[in-house]
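Read through the structures below before going on.
First subunit A sits with subunit B, and in the next complex the same chain sits with subunit C.
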Partner chain A sequence: MYVILVYDVEQKRTAKMLKLCRRYLHWIQNSVFEGEITEAKLQELIHRARRLIDPETDSLIIFTSRHERWLDKQIIGKEKSSTDNFL
Partner chain B sequence: MKKSYYLFNPGRLSRQNNTLKFVPIDEEGKEGQARYLPVESIKELYVFGSLDANSALYNFLGQQGIVVHFFNYYEYYTGSFMPRDYLLAGKVQIAQTKTYLSANKRLALARRLIEGATHNMLKNLRYYVGRGAPLQNPITQIEALWQSTATAPDIETLMGIEGNIRQTYYECFEHIVSDFAFEKRSKRPPENELNTLISFGNMLCYTLCLRQIFHTQLNPTISFLHEPGMRRYSLALDLAEVFKPLLVDRTIFSMLNKKILQASDFRTELRGCTLRPAAAKKFVTHWEERLQTTIQHRTLKRKVSYEHLVRLECYKLIKHVLEIQDYKPFKAWW
Partner chain C sequence: MYVILVYDVEQKRTAKMLKLCRRYLHWIQNSVFEGEITEAKLQELIHRARRLIDPETDSLIIFTSRHERWLDKQIIGKEKSSTDNFL
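And then the complex of A and B:
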């Protein structure tokens, strides 16, 4: 499945969150990630994120879609980072 | 779905925060913007540009089970970094070796592999006969050659016939694609556009088979059709025979006939012909798309991707050497 993940965590935890998400998804903007991921890997990511955040103040929102093709993506202004597999 | 990553630009790949960081470096040695690759979703890496890396990175890749394939400046396959074997099964290995050592068993299996390859080649040709290409003669020739494998006394004869089949087949390419001449199969270096594409595609197919074998208990160095030589994973060559017509050749036909690749995408030099970097990228994009194409599998009764068909083929080989079920080669039915 294809997901978009955004987080809003307290400043001292942002770096940890960033590092964790980078292992699973493509960074596209500050605190925004997207990419293809399996169900199991997503659960793994959520589990790890849960241990990191403070449920009182932080939040993590995940938008899921069955496939990338059901997603229209527009970029206005500068594309900060692409998600393709050619480097 | 895990993805393959293709590194065309020179740069430095390193381990950082338990994931991979790629920093491109341009001709003046200046560093570009870093890209982080999500390590959990990497299937394998293809390295075409020059890459800086250290052992910490390879330790990490090994831990994660990620295979890295290397290619030189002319896009020739030079080798692979394979993590430690993680699916070890002495039983399969012994069975595989036993099948190889028994002349009869080996010959039978090798013939099966050629059967698959021939069938898939004929499938391609017949499709183009339907579209008006004058290929009836070569088809009859190939069928006759295939018949003669039944009486082949040893592997060398079999390989010889296989070579003839493939030569006849490749000579048909001119009639299938417009604008390009085939002349003859030339390698190291390929001398014209078609040969370049065949070589490039076959190489991708070979690495694909190698990766699928890596994820099974088979030993990639013990092969049946090809002679298990030194310095190469010959079982991957055996498997590639069956899949080249379906994966490589069809990609070539569609890319040339739709004019996605044109004469300007090639660079003919003093010695041989190479793909321009942008063209190699185009080819690889189409190749990836093809691998992800799914078909309804007849016996499994579910959709499988072309890529997964190769893995299924490995499982069939395992069953064959363990004498659970006779190997029937994959035959395209569409």
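And then the complex of A and C:
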């Protein structure tokens, strides 16, 4: 399945969250990731993310689509991932 | 069409960007919006956003889908929009 993941976590957890998400998906902007992932891997990612976040303050939004072709992507301005992908 | 919009702009432009996007879409997280919008309205939003951003530093990613039903949305942690929608 195709996934878009966006997180909003407190500053002190951003590095861990970034690292976790990059193990599963492609980083495309600040706190935005996308990619093809299996249902099992997505559940693993969600499970790990739940252990990382504080549900009182942090949030994670995951959009899933069975096919990437059902979505078009357009980037206005700077394409982050092409230049800043080396954290 | 159904749209997910995510922006990453410099601090000094966030308030203007937030205000602009909220005129067209629903705010669901920090810098993430979604909603049904016509192609004409989306083009208007993009046009206005282009005048606001600095393309050297800021970016705007827009995912579009012809039907909202092609996407599932899952929120882990805090549901921002339900409580913080009164900026």
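Note that in this section the second predicted complex is superposed on the first by the 81 of 87 C-alpha atoms of A that agree within 3 Å, B and C clash if a C-alpha of one lies under 4 Å from a C-alpha of the other, contacts with A are read in each partner's own complex, and residues count from 1 in each chain.
In this text, contacts are C-beta pairs under 8 Å (C-beta built on N, C-alpha and C of every residue); 3 or more make two chains touch, one makes a residue touch a chain.
Quick caveat: nothing in here was measured; it's all calculated off a predicted structure.
A.B. asks: Would you check which partner chain A:Leu25 touches, where first means subunit B only, second means subunit C only, and both and neither mean what they say?
C.D. replies: Touch partner of A:Leu25: subunit B, not subunit C.
A.B. asks: Based on the superposed arrangement, let me know which partner A:Glu56 touches: subunit B (first), subunit C (second), both, or neither?
C.D. replies: Only subunit C; A:Glu56 stays clear of subunit B.
A.B. asks: Touch test for A:Val6: subunit B only (first), subunit C only (second), both, or neither?
C.D. replies: second
A.B. asks: Count the residues of subunit A touched by subunit B and by subunit C, then name the partner with the higher count.
C.D. replies: After superposition, C is the partner touching more of subunit A.
A.B. asks: Could you tell me if A:Trp70 is touching subunit B, subunit C, both of them or neither one (first, second, both, neither)?
C.D. replies: In the superposition, A:Trp70 touches subunit C alone.
A.B. asks: Do subunit B and subunit C touch any of the same residues on subunit A, and if so, which?
C.D. replies: none
A.B. asks: What part of subunit C is in contact with subunit A in the complex they form?
C.D. replies: Per the stated touch rule, the residues are 4, 6, 8, 28-32, 46, 49-50, 53-67, 70-80.
A.B. asks: Which of the residues in subunit A come into contact with subunit B in the complex?
C.D. replies: 19, 22-27, 35-38, 41, 44, 81, 85-87
A.B. asks: Considering only the defined contacts, which subunit B positions touch subunit A in the complex?
C.D. replies: 1, 3-9, 11, 17-19, 22, 24, 33, 35-36, 38-41, 281, 284-285, 288
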